[in-house]
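A, B, C, D, E, F, G and H are the chain letters, set down in written order, and residue numbers restart from 1 in every chain.
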Amino acid sequence: MTTSYNRLDKDNAAVLLVDHQAGLLSLVRDIDPDRFKNNVLALADLAKYFQLPTILTTSFETGPNGPLMPELKTLFPDAPYIARPGQINAWDNEDFVKAIKATGKKQLIIAGVVTEVCVAFPALSALAEGFEVFVVTDASGTFNELTRQSAWDRMSSSGAQLMTWFGLACELHRDWRNDVEGLATLFSNHIPDYRNLMTSYNTLTNGK
Amino acid sequence: MTTSYNRLDKDNAAVLLVDHQAGLLSLVRDIDPDRFKNNVLALADLAKYFQLPTILTTSFETGPNGPLMPELKTLFPDAPYIARPGQINAWDNEDFVKAIKATGKKQLIIAGVVTEVCVAFPALSALAEGFEVFVVTDASGTFNELTRQSAWDRMSSSGAQLMTWFGLACELHRDWRNDVEGLATLFSNHIPDYRNLMTSYNTLTNGK
Amino acid sequence: MTTSYNRLDKDNAAVLLVDHQAGLLSLVRDIDPDRFKNNVLALADLAKYFQLPTILTTSFETGPNGPLMPELKTLFPDAPYIARPGQINAWDNEDFVKAIKATGKKQLIIAGVVTEVCVAFPALSALAEGFEVFVVTDASGTFNELTRQSAWDRMSSSGAQLMTWFGLACELHRDWRNDVEGLATLFSNHIPDYRNLMTSYNTLTNGK
Amino acid sequence: MTTSYNRLDKDNAAVLLVDHQAGLLSLVRDIDPDRFKNNVLALADLAKYFQLPTILTTSFETGPNGPLMPELKTLFPDAPYIARPGQINAWDNEDFVKAIKATGKKQLIIAGVVTEVCVAFPALSALAEGFEVFVVTDASGTFNELTRQSAWDRMSSSGAQLMTWFGLACELHRDWRNDVEGLATLFSNHIPDYRNLMTSYNTLTNGK
Amino acid sequence: MTTSYNRLDKDNAAVLLVDHQAGLLSLVRDIDPDRFKNNVLALADLAKYFQLPTILTTSFETGPNGPLMPELKTLFPDAPYIARPGQINAWDNEDFVKAIKATGKKQLIIAGVVTEVCVAFPALSALAEGFEVFVVTDASGTFNELTRQSAWDRMSSSGAQLMTWFGLACELHRDWRNDVEGLATLFSNHIPDYRNLMTSYNTLTNGK
Amino acid sequence: MTTSYNRLDKDNAAVLLVDHQAGLLSLVRDIDPDRFKNNVLALADLAKYFQLPTILTTSFETGPNGPLMPELKTLFPDAPYIARPGQINAWDNEDFVKAIKATGKKQLIIAGVVTEVCVAFPALSALAEGFEVFVVTDASGTFNELTRQSAWDRMSSSGAQLMTWFGLACELHRDWRNDVEGLATLFSNHIPDYRNLMTSYNTLTNGK
Amino acid sequence: MTTSYNRLDKDNAAVLLVDHQAGLLSLVRDIDPDRFKNNVLALADLAKYFQLPTILTTSFETGPNGPLMPELKTLFPDAPYIARPGQINAWDNEDFVKAIKATGKKQLIIAGVVTEVCVAFPALSALAEGFEVFVVTDASGTFNELTRQSAWDRMSSSGAQLMTWFGLACELHRDWRNDVEGLATLFSNHIPDYRNLMTSYNTLTNGK
Amino acid sequence: MTTSYNRLDKDNAAVLLVDHQAGLLSLVRDIDPDRFKNNVLALADLAKYFQLPTILTTSFETGPNGPLMPELKTLFPDAPYIARPGQINAWDNEDFVKAIKATGKKQLIIAGVVTEVCVAFPALSALAEGFEVFVVTDASGTFNELTRQSAWDRMSSSGAQLMTWFGLACELHRDWRNDVEGLATLFSNHIPDYRNLMTSYNTLTNGK
């Protein structure tokens, strides 16, 4: 009963960042805010690092949902940016789907706020159209753990793969030798424990 | 390996509220009572808002299980109301199934107390008859988390989709432009964090 | 080693509601939002019910901290309302202290957001001036449990009494016979489990 | 995509109680001991109540694993009792399997200590031989939650249905009218919250 | 800086069981119901075992608060039983205080539902009159942990000693030799882990 | 709907220990360090005990990831030891796969740090090549529970079996009579509760 | 019974940062690493912002404890820096105490790793010499919550005041009008929820 | 308001290990067994390392409580060993108190099972006789957290100092220079994270 391994390939993957908006972020209570902010920025940094086509979308930026996290705007100044006029499922927005298809990628890495809506809806739509879907669970947030578990179950049952940003980076990078320093810097900036290891290591080896 | 997306459709969905009775509610300990009460009323409000056919049923109202939550009676004065004479699985009650079939809907949204019995039994029966089943996990309660996880596993393994009321509302609504104010009011009444966003937003924009 | 019992006396107590503002509420993560909203409104309702002099104060309503919860404005239209121009410790605002002293009460019931600042600072100031201080711990919120525990320790060490709204109501009421229906209504509106008890009880006894 | 509902049938179900021994019980740390003892006795009581054929088995009673819980011996004096000489998977013991097959039942309700061994191994063996397997998750215990979750995943992936004793009782009973008092007594003896409901109800209605 | 050890003395202690009523018990959510029921009955059993004068009191038995747990009535048929007509603080009821003073004891062991009211109020009153107060924290229950912590802080700050039923039993008994079997039976009936130890021990030593 | 039981067979299983390195271990925060160290050593001891072919591999031992846990080196002095020059997925290293294939075993028992990378990647690769994969969940660690749950879901969905070291030992041993003392020693060294049982048992029976 | 309020005064306070070293940080497991890193940097930033004299000290930087967090070195290039040759209690180091006394401040704000040693020991020593001590509980870390609670109890019992960095900043600042932008920037950099409030606020008000 | 610092002095301290017996250990559920075993052995090792006079005592070794942990017997072959014939509070046993007084020490370090009895009773007795008492909270265990918190509150209120074994070791050692290797070995044997630091450090520096 051999299973195929749908492995992330940096030449075949695109990143969708859905509704990481200042107002909606205040709804996220299943992950501590310091950790969540770090996870979202780590995902953004890795999208940048691996030069993955990245698409931004928001829902009602001018209402209570609030504007996109400014850091994301700054990191992806030239990315397709779809401010949806009303569609809750981003996949219902033609421009969004067009932008995805324009990348020519078949693997979609999705994160957003809130998990069971802004992530799950386009994930299920994408799966139904034959894309491989990788949900970045730790860069997606929602109201509480019960909601998260329900959303994960629905997505996983439909074939989405649940991953976290660190595993994503590792699966995309494949081999440290492709760029030791680049990956180490990414980890050092977003994993305090890893930074500590590097600090101690560098101190001990630099002095030689 | 394309998966079909069984998406909620407000023209094809009915809501089943099973045994939200005053006595049974005191058995619910996997969700905090303030939150649980809010979730049940939010589900009821959205059934109302989307004008989904809604069916109420109870088990032994005149015994220790107690009467239906009065708020539900008030909200759905004209809904089919099946006070079951003894069947534990509501689906074993012919009137209940008749009422469901009379709606002509193929998507059933189910919530109740307690999850592994009043929700799981009719969910499994409905799936066996070919209905699509959407369990509202946060408007269903039971004794403790271990019981909930067992119940979810059983239902999910049989094909039920696990959702929470907020995701339900969003999937049914599809597009904010269908009625911004209506949906926002629903959220504001049942999500304190969303209400806070709206309070701040309205104050800042009303003064212009 | 007899201890004196500083017992709440409805004729000698005033309520201070400090900075329950829409923006600041989004910082509260040590209590679930449904429960917290309920606790704050329960405290407000009991202040009303016992006709305790109540004082509202806010910090920078026109900035990101946001406006006072509208429900509080509505409940206390005639209460002293001190929009502080900048003082973080409300006790540093002369109008606030004047309003308190004008009540002639020696027992101060304090709740606010966030606990270690908006509650602790005036609590410590009031204790230093000889007031008896009762902190309503469940109507006060802050960033996380670690912060709450630190704040409680500081206040308790200085002589503040830590209470929750239900204990407050009971200590103020003293005897159910003073008004059975009034107190029961308060409880029924803010304690779902108590409401369930009343629903079952009323159904069983009304039918007689 | 209709799913069949493998529903428990009291005329087609047998109960297997595996290794609830005094020594092994001290290894159980994923469920509080007061609750766990209650769950095991509740399961035993319901086996008795529904007159389900019940089989007891132990592993090394004379060693540190210790003797079977005396309550179980007392409740099932005439049940097949297989003190296994060494087989860890009870299904590897011929007498055990013979005893099961002698019942002629196709639905096996299994509980034991520890979950990932004494329950999972016979469960997987039984599934491989075509039995329907119902694991009583709350009458099965193990070292910690991580172990439990792993064991559940392994069993559920192989087709076992995860249930708790209360759901079991309800699915077997089908209709309260089959015996209101019997079921109510079972619940009252093992669910303190239900007993409270009955106490209040009986007091209010007996006085009429 | 020597501290005096206010040690429980079985000849100088009385037990007060306050408001363990069927309705109020459904409010208790800081302790699991199986464990809580066991703790209350363990306390009752030890009061009986040490022949401590025990006083029962209830609040509004005929209303939604419900009747006293029947087990307590059965265990203490001749104990003073004060059904308070309305006083929330049992100490405000003259009969209750009279009953206490009639015992001639100076050490009061108090448990009740809910902790911050039915326990804390009489505890603070008793301390103010010079009694030594021992709160049985695990036989007292309330809405949630936050409330419990507040209540403990208030009582401890006033000089109450926080204990659990097991420690109470041990401090009262002083020496196993006073009655090995009696104490062991008490523990075996209320501590599943201890019962397991005894089962294994007895099996191994009886066979000699 | 019979399911096959992929049962561990000590003659057909090999153990892969992936990246249990001093630096990486400081990243593990989903399991307490005392428990985790014990689990890893228990797995190593059982591999030794059952004489399972065992393969060690590390990633960048000379960098911040740090050297392999010295205990593992000591326990398996002659095991294949693949210090990978850069491949993150150990399966991408030819020597590693060769070493596995050289064992001729079809069942792979995998543990490592961190779970979603060092365990999941080779697990998915091995499944894709037709191996049976048994993940030792309690001897694999990662950043936090959310990450663990995502990793488990991904592996389980692909057909990996989730087990813990104790279940592994039991499934491999099959029958206590194969070697009572050996297995008991393994348990006694790694399960404090089991050691306690044996201490009491031996004391009581040795004196005979 | 008036209590004095030992209020922080920015003209009378110094900050002691004790042993925030790369190796020791890997021991901290009572606070999530993302949050802990943020708290330490927030404390450092506020020390800078309020221009409080700040003293750095480390223990065995050249051994496994590792070097000081580089960020702290960068932020305080001119601060007294005492690399202790062996004293575990920093107060046993004369240079450290001299540096403190040289500031002329009587209020000491202390944070460090690990809490029960590097923070508690100098805190107790300082209290014994008559200083006011403010422990920054969320910028101090240790092995687990049990250890933290023990350490807090010991320090609080000796008169130390437990605070978190946010309360510290507020008590030092006293009045927003002293510098609205400076304080808001500090909060925005270290409190994601606050940053979100400001993002939404600025977007809505800038467009006017 | 200067506080005296009751600092541990290795020349004035004795260690009391109370009832760490195989049977009683199975009652401990407030600390994970792997961690608890490690803590007890760490305390024993440090008593040995600092050559503190150590006294062992047990309660009913020949009954279900079981024999002392064999490791403790082995570590302290010549220590006073008081097998109490029945006294629950070890301080009620004259031999125990004589053994303590024979050491001539005024600082007592106490650990035991269970916390609220075997630790708290002698701690309170010792405080009442003027000893300084240091409770080793992480080498003392009991039924659950609620019980532990009650026990800590009682002991702390009477003047006992709550510490954990690591803090104890550090306060006794005072200065690393007294013996770097000895202390580092103690830590390495009982703190996996510290061992990891040393492993990495030694590898990097040994190669020089």
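Just so we're on the same page, contacts are C-beta pairs under 8 Å (C-beta built on N, C-alpha and C of every residue); 3 or more make two chains touch, one makes a residue touch a chain.
Every value quoted in this text rests on a predicted model; they were computed, and no experiment measured them.
**Student:** Residue numbers at the chain G-chain H interface: does the shared fraction exceed half, giving same, or fall under half, giving different?
**Tutor:** Result for this pair: different.
**Student:** When E-F is set beside A-B, which has more C-beta pairs in contact?
**Tutor:** Here the pair linked by more C-beta pairs in contact is A-B.
**Student:** Which listed pair, G-H, B-C or C-D, reproduces A-H with over half its contact pairs identical?
**Tutor:** Among G-H, B-C or C-D, the interface that shares over half of its contact pairs with A-H is C-D.
**Student:** Where the centres are mean C-alpha positions, what is the separation of chain D from chain G, in Å?
**Tutor:** Those two chain centres are 54 Å apart.
**Student:** Could you grab the centroid distance between chain C and chain H? Build each centroid from C-alpha atoms only and quote it in angstrom.
**Tutor:** Here chain C and chain H have centroids separated by 43 Å.
**Student:** Which integer distance in Å separates the CA centroid of chain D from that of chain E?
**Tutor:** Chain D and chain E have C-alpha centres separated by 34 Å.
**Student:** Please list all residues of chain A that touch 2 or more other chains.
**Tutor:** Within chain A, the residues that touch at least two other chains are 23, 26, 29, 32-33, 66, 191, 193, 196-197, 200-201.
**Student:** For a test of understanding, state which residues of chain F touch chain A in their complex under the given definition.
**Tutor:** Against chain A, chain F makes touches at 23, 26-27, 29, 59-60, 63-66, 85-89, 92, 114, 116-117, 120-121, 124-125, 127-130, 143, 146-147, 149-151, 153-154, 157-159.
**Student:** Touching chain D in the complex: which residues of chain E?
**Tutor:** 22-23, 25-26, 32-38, 66-67, 69-70, 191-193, 195-197, 199-200, 203
**Student:** How about chain C: which of its residues touch chain D in the complex?
**Tutor:** Residues of chain C touching chain D: 197, 200-201, 204-205, 208.
**Student:** Any idea which chain H residues touch chain G in the complex?
**Tutor:** Against chain G, chain H makes touches at 1-5, 7, 31, 137-138, 152, 156, 161-164, 166-167, 170-171, 173-178, 180, 184, 191, 193-194, 196-198, 200-201.
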